[in-house]
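Below you'll find a set of structures to go through.
Next, two complexes with chain A in common: one pairs it with chain B, the other with chain C.
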Partner chain A sequence: MFPELNSILSSSPDSFRTGDFIVLSDRQADASFLIHHYLSFYLRAGCKVCFLGLVQSFSHYSAVSQRLGVSLTQAREKGQLVFLEGLKDSIGVISQEESSQSKLPLSYLRSPGAGLECLFKFVESSVRQNGENEDGEKWGPPVLLIDDLSVLLSLGVSAGAILDFTLYCQATICSELQGNIVILVRREEEDVDDEGSNLLQKGVIHQCSLALHVEGLPTGYCRDIHGQMEVWWRSREFAMYNQRKMFHYKVHDKGASFFARGTSSAVL
Partner chain B sequence: MLLNIVHGTESGGFIVIEDTVKYSGREILKCFINAALKRGEDVHVMGFETSEAELRAGLDSSCVQKIHFHKGHPDPLGWTCKSSFTVQQFTTRDITRLVQNTPYNKASVLIVDSLSFVLRHHQPVVICQRLQELKKVGVVKTIVGLLHSDLHLQGVVESVCHLANAVISVAPANNEHCGVAKTTRRTKSGKLMQEEEYFDMSEDAALSVQTRPHQPGHVQTEPDKPKADPTSNLTFNLRLSKKEKEAKEKVALPFVFSQEKKSALLRPTPGSGRITYEPDANDDFDEEDPDDDLDV
Partner chain C sequence: MAAPGKGMAGPAGVNTTSFQKKSRSKLVSIPGTRPSVQNGQLIVSTGVTSLDYVIGGGLAVGTLLLVEEDRYDSYSHMLLKYFLAEGVVCGHEVFLASARDHPDEIMQELPSPIVDDVGSVKTKEGQAQPCDQENQDTMTIAWRYQNQPRVQNALASSVRFGHYYDVSKTMEPEVRQAVKCHSFYALQESPTTTESSLLSSPYHALLQSIRSVIRKEGFDGSTPQSKVRNVLRLGLHSLGSPLWGDDLCCTDNPAHCHSLTTFLYALRGLLRTSLSVAVVTVPSHLMQNKSVMGQIIRLSDTAIALESFRGSEKETNPLYKDYHGLLHVRQVPRLNCLVCEVPDTKDLAFKLKRKQFTIERLHLPPDLSETVSRVSKIELAGGCGTTATGNKHLDF
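So, the complex of A and B:
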């Protein structure tokens, strides 16, 4: 996790808001470093994490988390982390070699028009599973992480069905169980005019309480600043309600640093 | 106008609150609920997008018992069999039955949160028909719906707003905590009235309208102060007499190309050079002035 981002958002693994729906979005940049931040953040905080990793393998997230000081393998063995490995499991679903129950969450691959009800049921059962950590205490509030939601659009699921899925997740995880949700929604250059992509992004932002948007610098490539990130506090409970602030960031080997615009160490 | 509509001074009908990601209209929806409860009317809420707890927060606790929540949320599609009302039941017959089933029902207000969710699951044409039927049947006096205008095609938004008696579009006011509401109201005679107002919401869902955003909390109309005459009380004279004004108006400005200047330039002055041209046998000499058609 990134300490500077924690101070910008006024949160830490010891004290963080619950019931939050956080949307990470990007445009012509890669916001997945924020997913790694939240993954290590919530694991450190002792929460029960359900991670839908639809675009990368488990070993990829594991390797990055190792650099951030968290072991995903251990967390999965302890039962703190439930990981849905989309890439690996999807081959089985598409070729229909195995018809076991565990493949049901990815049933949208065979029938995208049917919606994401099965995926939601998988998420619900994962977060409702009671478990205990080594000290015999229950895990903290449940957290759902999705990387990334827009890949479902490419697989043929309609934007409306995805928004229904996120609404159900929010109702169960945020409202009922007082947990958090972090979703990554990406947009490629070609998607700028794509209605489904627009609708999905606007729809999740309507539902969210905090939106982090990552973009490249408008002035072009810079070696010392990898891009800009806009933080939009959308919930009425924030003192900074409906305000947006822009920061610059730089991603390095073991984390990312955030600074106010114009205060990069290369410039000062 | 916004306050009149919220407080129900203008009689009922179908009211649409249009919002975007930039500013949420849900707070104005709560103001409608609050105002209806204070008038003693029955309020039926179809909540699909937000929980009952969230909508109840901030409402007047003494009247909160009179709200009938038809729980779409947390299960608006029936996936977990937890809800009493799914989006598929958004039909004229089902809504009429729900409203008529409440004891001592009077002057009901129907709140839909949100119309965007309903439109996602039904054909827009069908929903427009049902809304129109509900208006005609008369079992509900007022219908107030929240519509996220950036989640639909423009045609769909306009079709729904066309049915409405009043449309309130909310947007953020520049650099202020308050918002700006553009209200469009259609009277029974067909006259269209529009107004733009700045508004603010208090914690107990009370709406306050401001005319100027720089003076929060005041609704003022300042009388026009008489403008001070800058030429009075000076030690030198800045005024012009009548003759001086006339002479001033007659002065030819230096760079304006008037008729007199043009003829003065074209008139040959004595002593200037002259050009004489003797056409050759092969030349095609045309007596006409080639610049004749120029509008100089």
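So, the complex of A and C:
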């Protein structure tokens, strides 16, 4: 959890908006540090989290969250976190050796044309499970985190099927259960014409209520400022409806600092 | 060298991935590897010491290095051979897959290691020091830069990790045969009738082959603890080229455009769950569809591209006369931590010498020719006024 980002977005683990659909996107940069922020944020807030980790192993997220002060193994044991480890489970499916029930969420690997219905059923069942934490209270509103959605395009799933999946998730989690969704989408360079990626990105941004876009600096490479982040408030309920603000950021070992453009400590 | 002190409560004895933080008592010590100074990750050398420095100390075990080939596949082929030679010298197991040359031919061409390289490195360091002391107080114009550290052109870290190789000699067969080598030659595989629409036949067979090697030799921890742990080095040559049965490089709209990316995704999963490291070379200059290259880069961990000057107009450019090509670092991974090793500069050039593949910072040399004559022309014009000698350079 990054305190500066919390103040920019005016949210904290004690008071945050529900029913939010947040999209993190990047172009030629890496926005995965924002996924770590949201993961530790919602676990600290006591929400029930369903995490689809399709590109990295569980121990990667666990190691980073340890530095941010949250233990993923404990959260998983308590039932607060449901983690789908895409990499580990997909080897068997791609090699077509296993067809057990437990690998059903990854059935899109076996037949990419069929769509992500099984993945949605997995997500739905994990957010509807009502567990209890140690105080005997129920968990907070459910949260779905996806890292990242564009890898499904590389595996042959069509952009239309992915957009259907996000619509179903939004209807269930945001509207019905008043939870939040955070999705990471990765974009291509500007002059590359990739239909599927453009379609996915436009469709997802249209649905969202808050979009954070991470890019490199337009003036070139700099060691002290890792890039710029644009925040776009898209929901009518925000006071800052339809406003965009740009910040520069630098990622440290234990967090990230955000500052207004031109106020980096390296420059001042 | 900070050893990771936190222990993870995983199932006993099964998880041996390098990404698992091990408690002090079970510290894995495999020859040819060392923990990284940044985050305690287990890293191996790529065989080229300057490349190790550029990608942040070395190649982390469990990751994939993608090399975009240069136009004639000369330097990327050389990098692959360095990687395999380093594996042989360190005693790691080697897996080589190729569709063009037979893997045995590639193995016979590995460069031979230089045994007395410790001595040569020391003499270089000794020569550098007297030069520093000579030039200590010679800055009269740029005196503000007096206290800045000297710019190092050659990139190397202070801790030596990896070996040097002599390209003019090939490795002795005895040295090579001391190490277990598995190979996969795509042209020898009979096309199997798989119902899979995901992976085309050679990629499917390659994936099965890699998987069986990992399982059989116990790199994923499935064999009992008594066996000494080792690292498996995978070298995959020219994936995506037409020789692998892939039409990614042939048309704008390939029929199996997701075959290579699905294979890389499965390979990533295999690498993360075993003690192995892979180097894949891809002929990116042949690919018509640029977005596929972006997807391939995102599916790998570290990605570099080689651009050689041979045959292009840059060969005669005086700026590049000392070098053989440019090296672009496309992606550096963030593993188990938020930050990645951010390089100082992105302008890197490489040159292949007999005993070393060096990667250096590319910078513009000072352009002295114009300014010297310009100063003298101004002095002439100012001092002489309207006399005939002032107009010497305007003779018609």
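Here, the second predicted complex is superposed on the first by the 260 of 268 C-alpha atoms of A that agree within 3 Å, B and C clash if a C-alpha of one lies under 4 Å from a C-alpha of the other, contacts with A are read in each partner's own complex, and residues count from 1 in each chain.
Please note the rule applied: contacts are C-beta pairs under 8 Å (C-beta built on N, C-alpha and C of every residue); 3 or more make two chains touch, one makes a residue touch a chain.
These numbers come from a predicted model, not from an experiment.
Peer 1: A:P112 in the overlay: touching chain B, chain C, both, or neither? Say first, second, both or neither.
Peer 2: second
Peer 1: Per the contact definition in the header, classify A:D164: touching chain B only (first), chain C only (second), both, or neither.
Peer 2: first
Peer 1: Check the residue A:T172 against both partner chains and state whether it touches chain B (first), chain C (second), both, or neither.
Peer 2: A:T172: touches chain B, not chain C.
Peer 1: Is A:I205 touching the first partner chain B, the second partner chain C, both, or neither of them?
Peer 2: First partner only.
Peer 1: Going by the contact rule set out at the top, does A:F120 touch chain B (first), chain C (second), both, or neither?
Peer 2: first
Peer 1: Would you sort A:M240 into first (chain B), second (chain C), both or neither based on which partner it touches?
Peer 2: neither
Peer 1: For the three-chain arrangement built by superposition, which of chain B and chain C touches the greater number of chain A residues?
Peer 2: C
Peer 1: Touching A:I94, do we find chain B (first), chain C (second), both, or neither?
Peer 2: In the superposition, A:I94 contacts chain C only.
Peer 1: Using the touch definition from the top, list the residues of chain C that touch chain A in their complex.
Peer 2: Contacts found on chain C: 6, 8-9, 17, 19-21, 194-199, 204, 207-208, 211, 258, 261-262, 265-266, 268-270, 272-273, 290-291, 294-295, 298-299, 334-340, 342, 344, 346.
Peer 1: For the complex, give me every residue of chain A touching chain C.
Peer 2: Listed in rising order, the residues of chain A that touch chain C are 30, 32-33, 36, 55-57, 59-60, 62-64, 66-67, 73, 86-88, 90-91, 94-96, 109-112, 150-151, 153-156, 186, 188-189, 192-194, 197, 221, 223, 226, 251-256.
Peer 1: Report the residues of chain B in contact with chain A in the complex, numbered from low to high.
Peer 2: 21, 23-24, 27, 49, 51, 53-54, 73-77, 79-80, 117, 120-121, 148, 150-151, 172, 177
Peer 1: For chain A, which residues count as touching chain B in their complex?
Peer 2: Residue positions touching the partner: 117, 120-121, 124, 160, 163-164, 167-168, 171-172, 175-176, 199, 202-203, 205-207, 234, 236, 241-242.
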